[in-house]
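Right, one structure below, let's go through it.
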Amino acid sequence: MSLALKELRRRPGRFGVATVILTLIAILLMFLGGLLDGLTAGNTGAIRAQQADLIVYSATSQDSLVRSRIEPQQEKRVAAVEGVSEVGELGSVQLGGRIEGKGPRDLVPVVLFGYEAASQGLPEPPTEPGEAWADDTLQAEGVKQGDVIRVGPTRSPVKVTGFVSDTRYAGQSTLWASLETWRRVQNENRPDARVAPGVSQALVVQAPGANAAELATRIDEATGGGTSSLTESEAINALPGVAAQQSVFNQIIGLTVLIAIIVVALFFALITVERIGLYGVLKALGAGSGTLFAGVLLQAVIVTVIACAVGAVAALALDAVIPVGSIPFVASGARLLGSTVFLLVAALVGCAFSLRRVLKVDPAQAIGGGQ
Amino acid sequence: MFLALKEMRRAKVRFGLLISAIGLLVLLILAQQAIQTGLITAFIGAIERQSAPVLVYSVDGQRTLQGSIITPPLEKKIRSTEGIEKSGRIGQGTFTVKVNDDSGNSDAAIIGYTDPALGAPDQLTTGRLPDRPGEAVGSDSDFSLGDRVTVLGPGGQTRGTETIEIVGLAGNAQLQVTPTLFVEWPDYVASVTSANPDAGGVLPSAIGAAPVPGMDPATLAGRINDSSLEADALTRQAAADETPGVAEVRQSFQVIFLLFGLVVPLVTGLFFLIITLQKSASLTLLRAIGARSSLLVRSLMFQVVLVIGGGLAVGIALYTPLSQAQLGDIKLSFDLRAVVLWSVLLLVLGLLSAIVSARRVLKIDPIEATTGEGGR
Amino acid sequence: MSETQTEERHRDSTGAGDSDSTPALEMEGVRKVYEVADEEVVALDHADLTLASDEIVALVGPSGSGKTTLCSIAGGILSPTEGKVVVGGKDISGYSAKQLTRFRRESVGFVFQTVNLIPFLTARENLLVVDEISSRDRKRANQRADQLLEELGLADRARNLPSQLSGGQKQRVAIGRSLMNEPALVLFDEPTSALDTKLGDQMVELIRDEMKSRGTAAIIVTHDERITGYADRTVHITDGRLEA
């Protein structure tokens, strides 16, 4: 074992090649993963912040928030279902926001939500009309606490009372206000999609201890098929683009890991060939194939760990440097760790390729070597 | 090139591994190119397909049809701008619909226009434009000729609601990754009121405009913007490119292409460097018995071309069936230009990456064959 | 050297019970046959060879005579096709590959023709390689390595890499390595072929001194007739056959 380590330390150049390439692949994997995470977070933040057991849309909405309408009677029926402990109304409107200091055509797309149920991700709705919590990505646009954002063609004023994190929706920043504020802004700016008092777009249902999927079925029965109730993960998957993004990106990541396996196999095969003579001598001295191969694996692991460390640093640097809103990229610890694990597995599998050659080395060639 | 081929034949495993690695990389690059194109087209294909050379949104619409509303005063101001030859209304909404007798419902984006030359698709793959109420052109990836699409009412009912028959199909005509229909204005209004009987007057989402002969669309767009701060006028292509999200997609993919594109020459260059160093004894011997340096370098370059060419062949062969497929809602297509561009780029990069190896070959001194120092 | 000191040294030898009685090597009727393209090539034909526990034998023969094959079999690198091989009291004739590997680690020393030191290890580390691969008593191995380096006159070269050592010094490191596991038998393959006359003489003297002072048996494969003067016995081999 320490033989393998000494070789790494004394002959770094030999392994430098594989390390450089693996670093590039590590950066690739981490970037792809971070991109996927960023896209997903930007799409799903608002839903995840509800921390709901179920989200209830109207049946004809195709599980789309903007096309869904829940009447007060529907809401009463949902609240009356056994197992439901709390029901909160939810509404949204997507408008352009004008921020002080920005040009007349320089609007920031925001989604204004009206809600009533607080959660760990969202504090209680502001009591003052016209006030809202703002997603902290708006800070990158220069918004500070106390600023007024004018939304929509009618320039409805919304005052920012504070900031919340990770609550974006459909890739846009969000504002979180009381239901009254939302209805007023919606009706002022979207007269063709008015909402009457008591009407909302979706219901956020808390039902601690209940089986969510089974409760969803009972709620839809109780409303006579007028609602479509989804668990939080179903609601997330129903968001446009989310499922497709996940599957496409995961396929690309999978293929990249395959490429990593081939590259490791290739370069470690080249390194092994160079060391046939050395292996012959070691075997003649009495080193078993297992010992030798363990050394190769150890070297592969160390090279990969170094490559992933550099890749992680690059990913974190990228995260710091990329301006908010240009490329949706987040560097999460889980993703960086996951990419490292993938690459480690790839390195070990790639090494197995050289196993046969190490096994085949004949100690007899060490004697009489050179004739 | 006898030597080059002999060596490759004797070392099938290593060259095979290299070619497969490059092949997969090529596949990924081309596939992602197709995904990028398909993704962008799925979002804004309809914008590029519709016939109005200039699109005018309201500023609050943030360059999306679905967010934009043109109020009557704004419409008046836009229409009276100097340089407009003609203008027409364009309306857009997304609706829940039933297609034919499907048991389930689906989504449809419906785009209505008052003037076919300002809002209808500029080319069709088959069929014709609507010439009677109740007809539409549909996106060809979602509909077939003769399909009947019914807009659902607020309670999900289909009685008395707007029904549309598909009489024409257009390619690359989706909006927001949704099946899209182009209808005449009255059908659009009927769709809106079917879905929401309480809707008041139906306002257009945008105004399509054409400049007078001699003026180009960009100039007209500038004039319209000057006439009102509420107006956001763009040429057709600009409207497509500046739809929110498109630039993000393009930028993200740029980084991906950069990274993947770097891996290919890096792997190739380093591979050839290592094998050149490993066979320096044989190379020294060849030089000692009279082989010219240029021959050895040409042999090296020949191998590089074979390897990258082989990788390209593998990658393109794998990509071709993939490019006919549909990835979820995104339709892929075989982009010949991208294939040619990447082939040339990767070949050039590969040859450049082998320069270090070539220099090593040129540095070999034949005298070392006699001293036995030739092995490195 | 006094008798008591010699006895102490002998007691260290692996597999040796009573110092002088167990032969270092007993080969009886050893044959090695290779199948090369449908033909049988007899590399070694009915070889009988016995070495006393502290005997140095010079094995002389032309190239292709089978001397390397004989060494390989005696050293447990090759298995014989027929015959019996007993090294330091252990019968290795029927050993599996794994058992042979272990045997080589523990009971035999090699000094190869092309030295074959590990280029990225220092002189001291090259000696410790044997312990490395068998993970025995590290502390004892360290002591032994230092002791050997001292005796071979390499104490001040302990930290040098092979590239920093002369041909003779490299050869001495290889000899040190071959003695690390206190072998019953050390096999030298053409130890002087890369050295000039003077160094070659010095080398063979050194070999003899080291082997004799430890009472370790050795086979020195060579085509250099000078070496025979330093050996206790010379055995000639031609076309796979030994001549007494």
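To keep things simple, chains are lettered A, B and C as they appear, and every chain counts its residues starting from 1.
Rule of thumb we're sticking to: a residue touches a chain if its C-beta (ideal position, glycine included) is under 8 Å from a C-beta of that chain, and two chains touch if they have at least 3 such contacts.
Please read all numbers here as calculations on a predicted model, not as lab measurements.
Novice: Using the contact definition from the top, classify how the chains connect: line, ring, star, complete or other.
Specialist: If you draw each chain as a dot and join those that touch, you get an open line.
Novice: Whose C-alpha centre lies nearest the centre of all protein C-alpha atoms?
Specialist: Central by C-alpha mean position: chain A.
Novice: Which chains, taken as a pair, are joined by the highest number of C-beta contacts?
Specialist: A-B
Novice: Where the CA atoms of chain A average out and where those of chain B average out, how many Å apart are those spots?
Specialist: Going by mean C-alpha positions, chain A sits 24 Å from chain B.
Novice: Could you work out how far the Cα centre of chain A sits from that of chain C, in whole Å?
Specialist: 63
Novice: With chain centres defined as C-alpha means, what is the inter-centre distance between chain B and chain C in Å?
Specialist: Measuring from centre to centre gives 71 Å for this pair.
Novice: Give me the residues of chain B that touch two or more other chains.
Specialist: If we look for residues of chain B contacting two or more partner chains, we find none.
Novice: Can you tell me which positions in chain B touch chain A when the two form their complex?
Specialist: 13-14, 17-18, 20-21, 24-25, 27-28, 31-32, 35, 58-62, 67, 69, 71, 94-96, 105-107, 152, 154-156, 176-177, 192, 196, 198-200, 202-203, 225, 229-230, 232, 244-245, 247-248, 251-252, 255-256, 259-260, 262-263, 266-267, 270-271, 273-275, 278, 327-330
Novice: Using the touch definition from the top, list the residues of chain A that touch chain B in their complex.
Specialist: Touch residues, chain A against chain B: 17, 20-21, 24-25, 27-28, 31-32, 35, 59-62, 64, 67, 69, 94-96, 104-105, 107, 109, 152-153, 171, 189-194, 240-241, 243-244, 247-248, 252, 255-256, 258-259, 262-263, 265-267, 269-270, 273-274, 325-329.
Novice: Taking the complex as given, what residues does chain C use to touch chain A?
Specialist: On the chain C side, the touching residues are 63, 68, 71-72, 75, 77-78, 98, 101-106, 108, 110, 112-114, 116, 118, 120-121, 125, 129-130, 132-134, 177, 187, 189.
Novice: Write out the stretch or stretches of chain A touching chain C in their complex.
Specialist: It comes out as residues 2-3, 6-7, 10-11, 277-278, 281-288, 291, 363-364, 366-371.
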